[in-house]
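Structures given as C-alpha cells follow.
Here come two complexes built around subunit A, the first alongside subunit B, the second alongside subunit C.
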Partner chain A sequence: MNNRKLSKWPYIFMAPYFICFMMFFIYPTIYSFVISLTDWDSLKGASQRKFIGLANYVRLFTKDKLFLKSLGNTAFLMIIYIPILIILGLLLAMLLYRLKRTSRIFQTVNVLPYITTPVAIGIIFSFLFDWSTGIVNTALIKLGILETGINWLGDGGRARFVVILLIIWKNLGYYLLIYLAGLATVPEEVSEAAMVDGANKLQVFRHITLPFIRPITVFLILTSVVSGFQLFDEPYLLFSNVQSPIGGPERACLTSMMYFFDQTFKSSTHLGYGAAVSYGLFMIILICSTLISKVLFRKEKGE
Partner chain B sequence: MNKLKKKLVNTGSMIILLMISLLSFIPFYFMITMSTHVTSEIYQGDVFWFGNALIKNVKTIIDGGFLRYYSNSLLVSIGSTVICVLFSSMAAYGLSVYRFPLRGKITTFIITSMMIPAQISLIGYSIEMRSLHLTNTLLPLILTWGASAYGVFFMIQYMSGSIPLELIESGRIDGCNELRIFFDISMPLIKPAIGTLAMLVYLWSWNNFLMPSIMLTDSRKFTVPLGIQTLATAYTQDWGARGAALTIAVIPILMIFAVGSKYFIKGLSAGAVKG
Partner chain C sequence: MKKTIRKSTACVLAAVLLTTMLGGCGNGESSKGTDVSQSVATDNIQDFEALPKEYEGTLTMWGWDDIYFKAVTEGFNKIYPNVKFEYTPVANGDLLQKYQTALASGTELPDIGWAIIDSRAKVYELDMWEPLNQAPYNFDIKEVYDYLHPIMVNQKGDICGIDQCLSPAGLAYRKDLAEEYLGTADPQELEDMLPTWEAFIEKGREVQEKSGGKVYMWPGVADAQQFIRGQDSRPWIEGNTIKATETLMKSLELACEFRDNKTVDNLEAWSPAWYASFGGDTHIFAGCATWSVPFTIEPNDPAGENTGHWGLMSAPEGNISWGGTTLGITKSCKDKALAWEFIQYATLSTEGAKALSSIGFMSAAKAPYEEEPELKSFKSKWFGEQDLGNVFLEEIVPDIQIRTMNIDDNIIHDALNLVTTSINNDTNMTAVDALELLKEELAMKLPDYTIE
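Showing the complex of A and B:
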C-alpha cells in the first residue's frame, strides 16, 4: 500500500555515502587515469599539462629499470615471507586451538604488532638493528656470539633480511587469528570419525583439516599478495636513520609503493608519470591475483 | 600413560606459544625502556632495564610539538570513524532493507570497487583537494572515509541476518517515519557491528601515513605518524626522545585494543571466514 511513499527512502539513505563515493573515490580514480596520459610536472601549473597518450606506460614497462627493480624486490620479499607466514601461522593456530582457555590472552598479545602504527614499527626496528646502538648487536656481543656489530642496514642482502623479519613479526599474529577462526569451522565429528576408523593424526590433518581450511589459505595468499605490492610505511621508515638512497643500500628494499611515492611527491614531481606508476602497479596486482586464483582454484577442481 | 603424553604435548605447545608471544612483545619492551634513558646510556647498551629519564624525554617531545600532533590525530580519527560508521550503515541499510530496481547492481559495484587499491586515486584526490583549497587542513584525511566500500560491505554482511523486517514493518504501522525506524529501532540492533567497524576505522585512520604525508606540509597540522617521522629526523641523536615519542604514540592504540580485543579480533577475521 505504501510502496510509493517508501520508494524515495533507499535513495535518501544511500545519498551521503554515494555523494562521497563519487566525489572522493570514483572521480579521483578516473582523474588519476587521465593524468597518467599526460606529461605534467606539479611544480608548473595545470596549463603546462601536455597530453601524451600511453607514452608514460611505454616508458614504465620498457625503459624504467628502477620500477622493474622495485617490482622484483617486492616479489622477492613476498616469495620468502608469505610461505613462512602461512606455515608458521597455521602451526601456531593449531597449537593454540588445543588450549581453549588461555587462547584469548595469546591472541591479544600476538596481534599487538599487527595493529601498531607501521611508522612506529619501522623506527623501532631501525633502532633494534642500528649498527652502533642497536639492541640486536649489543645483545649478540654481550652473549659472545659476535665480536663486533654487524651493519644490518648497510648491506642490501642483510637489509632485506631485516625487512622480511619485520614483516613476519608484524603479521604473524594476524595469520594466527585468521587460521584460528578457520579451524573453528572444521567439524570435530568428521575428524573423530576418521580417528575411529584408524586414521592417524597426520592423515586427519592432511585429508580433513587442510581441505577444510583451504579457502582461508587462498584468502590469506590473495590478500597478502595485494597488500604486499602496497608495502610502504615500514621499509620507508626503516632506513630513515641510514644515509642511503630511498629503498636502502643498493635500493634492495625499494618497494613499488616507495618508488611511486618518491617519483610523484619527493625526488621528482611528475604527476603524470607518478599516476602511470600507480596504474601500472594496479595492473600488475590484477594480473598476479588473477593468475594466483586461477592456479589455486584449478588445483581444487583437480582434487 | 596417554594422559601423561597429552600433558607433555600441552606443556610443550604452551612453551612454544609463550616464546612466540615473548618475541611479539620484546620490541615494545625496548621501545619503552629506551624512552626512560638518556642517549649516552643508550649508546653504552644500557637499555635492558628501565632508567629514570622518562620525564625529561617526554618533555623534549612535548616541546617538539607532540601534543598538537596528538590532538590532530584525535580529531582525524574521531571524524573518520563517525563519518564512516554513519554513512556506511545508512547505505547498507538502504541496500538491505528496501527493494528497488538497481539494488543488486549497486551492491555488486560497491563490493567490486574494494579490489581497487586506494593508492590509485591518490594523485587525483590530492589535486581535487588542492582545487577545493583543502590542502593543509585535516578534512581530506576524514572525507575519504565517507566513501569506504569496506564499511558498506561489512555492514551489509552484518545486517542481512540481524534486522528482522517484521520489526521495521510494525514500526511503520505504529507511525514511525523511516529515519526514526533507522535510528531508534535498527541502530540498536547492529550495535556490535558498529563497535567493531568503529574500532577498525579508528585504528586505520590513526595509523595512516601515506595520505597525510601527501596532503599536509604545514607541521602544525601533522598527525601522529607524521609527527613521529618528524621527531625521528629532528632528534636523530636523541634516541631517548625518539623512544618516548614512539611509546606515547603507540600506547593508546594498544590500550583500546586490549579493552576491545574481543570485537577487534572478530572484526579482523570477519572477512576471511565468511568469504
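Showing the complex of A and C:
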C-alpha cells in the first residue's frame, strides 16, 4: 500500500518540468508550424490570416532566391570557420595542456572574447576595420604594406573575411576549453606506454590522443553546424548602421537567421512566411546534423 | 493502480496543455475584441474636454529620445503635476518588431505610440492606432505644417500620429572652408553659386584641385545619396509597379558622378569618422536638419562654439524632410483623454513649443509661432548670428516636397543602400550597372511587383 502511495510522487515532482516544457517548447513549436501554413501578415491583423497549406514552403524552396543565397552564405562561412576553429582550438589546447604555471592565464585570456557581449564585439570590429579611420588600415599604411586603406566592410568578399575573423576570435576560447577538458580524459599511461614502445610525439597524437578525443570533436562539429545555421549576432551587428544594407555589401553576409528576422520583423511583416523560413531552416539543420552524425559515427564504428 | 495514476497524470498534463493552447489562442482574440469595442465606443463620445489641473493618471511610452521625453514630460508636469509617465527605452530600429510582437501575442502596448519615419508606413498600417481625425479627437491636420500631412496618415487616410517637431533639412556648411575654397561664406551667394547638383560637382572639382585633394564637398556618398533621394517627391511605387528607372536613375547617376569627381569623401554615414568630420577641416557641406544642430554639429565641433564656424543654406535643387517621429494614441490606451491632452500639449500647444525650443527643436504646429513669434527664432553659438529658426521656417520648409508613404518604401531604401555601397566600393560601376543591380535586388525582395 505504501509503495503504491509513494509511486505518484515522481510524477508530481516531474510534472512542473513537463508542463513548462510543453508550454514553452512543444506548444510554440507546434504553433509556429501552424503559422507557417498561413499567409499571416501582421499589417492585416490576425483575423485576416488564411490557411494556404504548403504554399509558403513551395515559395521558400523554389522561388526565394534570397533565402537560397542566405543559405549559401551561411554554408560558406561555416565551411571556412568550423575547420579553422577545430584545428586551432585543438592545437592551442595541446600547447596549453603542457603548460603548468601560466596555463590558467592563457586560458582566461583566450576565453575573454567568448564571454564578451556580441554588441561590444560588433562595435569593436567595425572600429577596427573602418575604411577611413580603422586601426587595421592605419597600421597597414604605417607599416608601408598599403598606400591607401582597404574598404574592408564595403566589399562582399572582404566583409565575409572580417565576419569569419570575428567568429574565430570570439569562439576560439570555447573550443580551447572543451578540448582541454577532453585532453584531461586521455590516460597518461597509454601515451607513456606508446613512447616506451618507441612511438614519437606525432604518432602518439595521431593514434592515441585523437581517437580518445574523437567524441569531443564529433560534439564540437555537430554543435558548430547547428549554431552555425543560427548565426546572427556577429554579422548583424557589424552591419547595423542605419545606412548599411541588411546582410552587408552584396548581401554577402546575409545569414539564414538574418533573413528570417528581416522577412518577419524588419523589411517585411509576413509572420506566416517568416515561420516557414524558420521551419525550413529547422529541417535543413535536422538533415545536416543527421547526415554529419551518421558519417562520423559510421566511421567510428568502422574503426 | 499504477496504470490509473499514469492515465490520470497524462490526462491532467493533456488538459493543462490544451487549456494553455486554447488560452493562448483566445487571448489574442479577446484582447482584439476589447480593442475594437473601445475604438467603436469612443466614436460616440463628444470631443475630449480639457482635464482639471489636479487630474491623476499614468501614461506609458516606448521611445529612444530621452532628451525629448524629459523636456516635454517635465513641461507637462508643470501643468498636470499628478500625471506620471512610464518610459521604456527601445531602439528606433526595433520599433516595428516590438509593436508587431505585442499585437501578435496580445501583450500590452504603450499608451502613446512613437513612430519614426523609417518604418512609419508599416507601423501606421498595424491595427493599433486611434484615428486622431475622428471623434473624440477631431484633430484638424491643417494645424501642422503642410509638408508633414502625407507622412501623418495611413493608407485609409486616418491620422495616426502628430509629428513631435519639424525636421526640415538644408545644407550646413563650414564658413571658413567656404570662404577659402569657394570665395564666399554668404548663404545667398552660395545658393546662387550652387543652384544644381551639377554645379555642386563642378565646384567640388575646383575645391579638390585648390586643396590638393584634401578638401571634399561632402563627407560620404551614402548621406549625399539619401539627401538627393529625399528631394524627389514622386512616389517610387504606383499600383503594382516600381518605377525604378523613372524615379531613381537620376540619384544613381549623381552618386556615380559624386564618386568619380571626388565630390564626396569615403566616410560611412553615422560612423565615428563621419561624426568626427564635423570637427575637422576637410569637408565643407553636410545635410542639416533641425535636430542635426544639437545632435551632430555642436557635440562634434567643440572648437566651433562662439566662433561662427557654420552656416545654413538651401540645398541645390531643393530641401528635404529628414527624419521625424510622431506621437499617436494606441487603441489599448487606458486613459485616452489624458493621452490626447498630453499629445496636444507636446505637439500643438505654445507651452509645448517652448519646451521643445529649450532643447533646440521646433514645433510642427503653426499656432505657437503666431501666438509667440519669437519661437520662430532659434540660434546656435556654432552658427554665429544666423537665425536658424528663421531659415528653416521661411526658406527651407516652403521648399519641401514630400513623397507619399508606401509600406514597401523601406525595402527600396535598403536596396538603394546596398547599391550605394557597391557604387562606393567599385569605381568601375556605372549608373546603368547600378540600376540593373537595384532592379535585381528589388525583384528578389519584392517579387510581386513589376519593376520598370
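One rule holds for everything that comes next: the second predicted complex is superposed on the first by the 279 of 303 C-alpha atoms of A that agree within 3 Å, B and C clash if a C-alpha of one lies under 4 Å from a C-alpha of the other, contacts with A are read in each partner's own complex, and residues count from 1 in each chain.
Basically, a contact is a pair of C-beta atoms (placed from the backbone, for glycine too) under 8 Å apart; a residue touches a chain by one contact, two chains touch by 3 or more.
Small disclaimer: the values here were computed from a predicted structure and weren't measured.
Chemist: Looking at A:Tyr11 after the superposition, I want to know if it touches subunit B, subunit C, both of them or none. Which is it: first, second, both, neither?
Modeler: Both partners, subunit B and subunit C.
Chemist: Touch check for A:Glu250: first (subunit B), second (subunit C), both, or neither?
Modeler: second
Chemist: Quick one: name whichever of subunit B and subunit C touches more residues of subunit A.
Modeler: B
Chemist: Considering only touches as defined above, state whether A:Gly154 meets subunit B (first), subunit C (second), both or neither.
Modeler: second
Chemist: Please indicate which partner A:Gly280 is in contact with in the superposed arrangement: first for subunit B, second for subunit C, both, or neither.
Modeler: After superposing on A, A:Gly280 lies clear of both subunit B and subunit C.
Chemist: If you stack the two complexes on chain A, which partner ends up touching A:Gly89: first (subunit B), second (subunit C), both, or neither?
Modeler: In the superposition, A:Gly89 touches no partner, neither subunit B nor subunit C.
Chemist: Look at A:Gly228 in the shared chain and tell me whether it touches subunit B only, subunit C only, both, or neither; answer first, second, both or neither.
Modeler: Neither subunit B nor subunit C is touched by A:Gly228.
Chemist: Return first, second, both or neither, reflecting whether A:Thr29 touches subunit B, subunit C, both chains, or no partner chain.
Modeler: first
Chemist: Does any part of subunit A touch subunit B in one structure and subunit C in the other, and if so which residues?
Modeler: Overlap of subunit B and subunit C footprints on subunit A: residues 7, 11, 18, 23, 26-27, 31, 127, 132-133, 240-241, 265, 271.
Chemist: Given the complex with subunit A, which residues does subunit C contribute to the contact?
Modeler: Of all residues in subunit C, those touching subunit A are 1-2, 5-6, 9, 12-13, 16-17, 20-21, 24, 28-29, 32, 93, 96-97, 100-101, 103-104, 118, 122, 125-127, 222-223, 226, 265-273, 276, 407, 410-411, 414-415, 417-418, 420-422, 424-425, 444-445, 447.
Chemist: Touching subunit B in the complex: which residues of subunit A?
Modeler: For this pair, the touching residues of subunit A are 2, 6-7, 9-14, 16-18, 20-21, 23-32, 34-35, 92, 95-96, 98-99, 102, 104, 106-121, 123-125, 127-128, 132-133, 135, 138, 142, 169, 172-174, 177-178, 180-182, 185, 215-216, 219-220, 226, 229-230, 232-233, 237, 240-241, 257, 260-261, 264-265, 271, 274-275, 278-279, 281-282, 285-286.
Chemist: Would you mind writing out the residues of subunit B in touch with subunit A in their complex?
Modeler: 9-10, 13-14, 16-17, 20-21, 23-25, 27-28, 30-31, 34, 42-43, 45, 47, 83, 86-88, 90-91, 93-95, 97-98, 100, 103, 106, 110, 113, 115-117, 119-125, 127-128, 143-144, 146-147, 149, 152, 172, 178, 182, 203, 206-207, 209-210, 213-214, 224-225, 228-229, 232-233, 236, 239, 242-243, 246, 249-250, 253-254, 257-258, 261-262, 264-265, 268-269, 271-273, 275
Chemist: Within the complex, which stretch of subunit A touches subunit C?
Modeler: Listed in rising order, the residues are 4, 7-8, 11, 15, 18-19, 22-23, 26-27, 31, 42-43, 45-47, 63, 65-66, 69, 126-127, 130-133, 151, 153-155, 240-246, 248-251, 265-269, 271.
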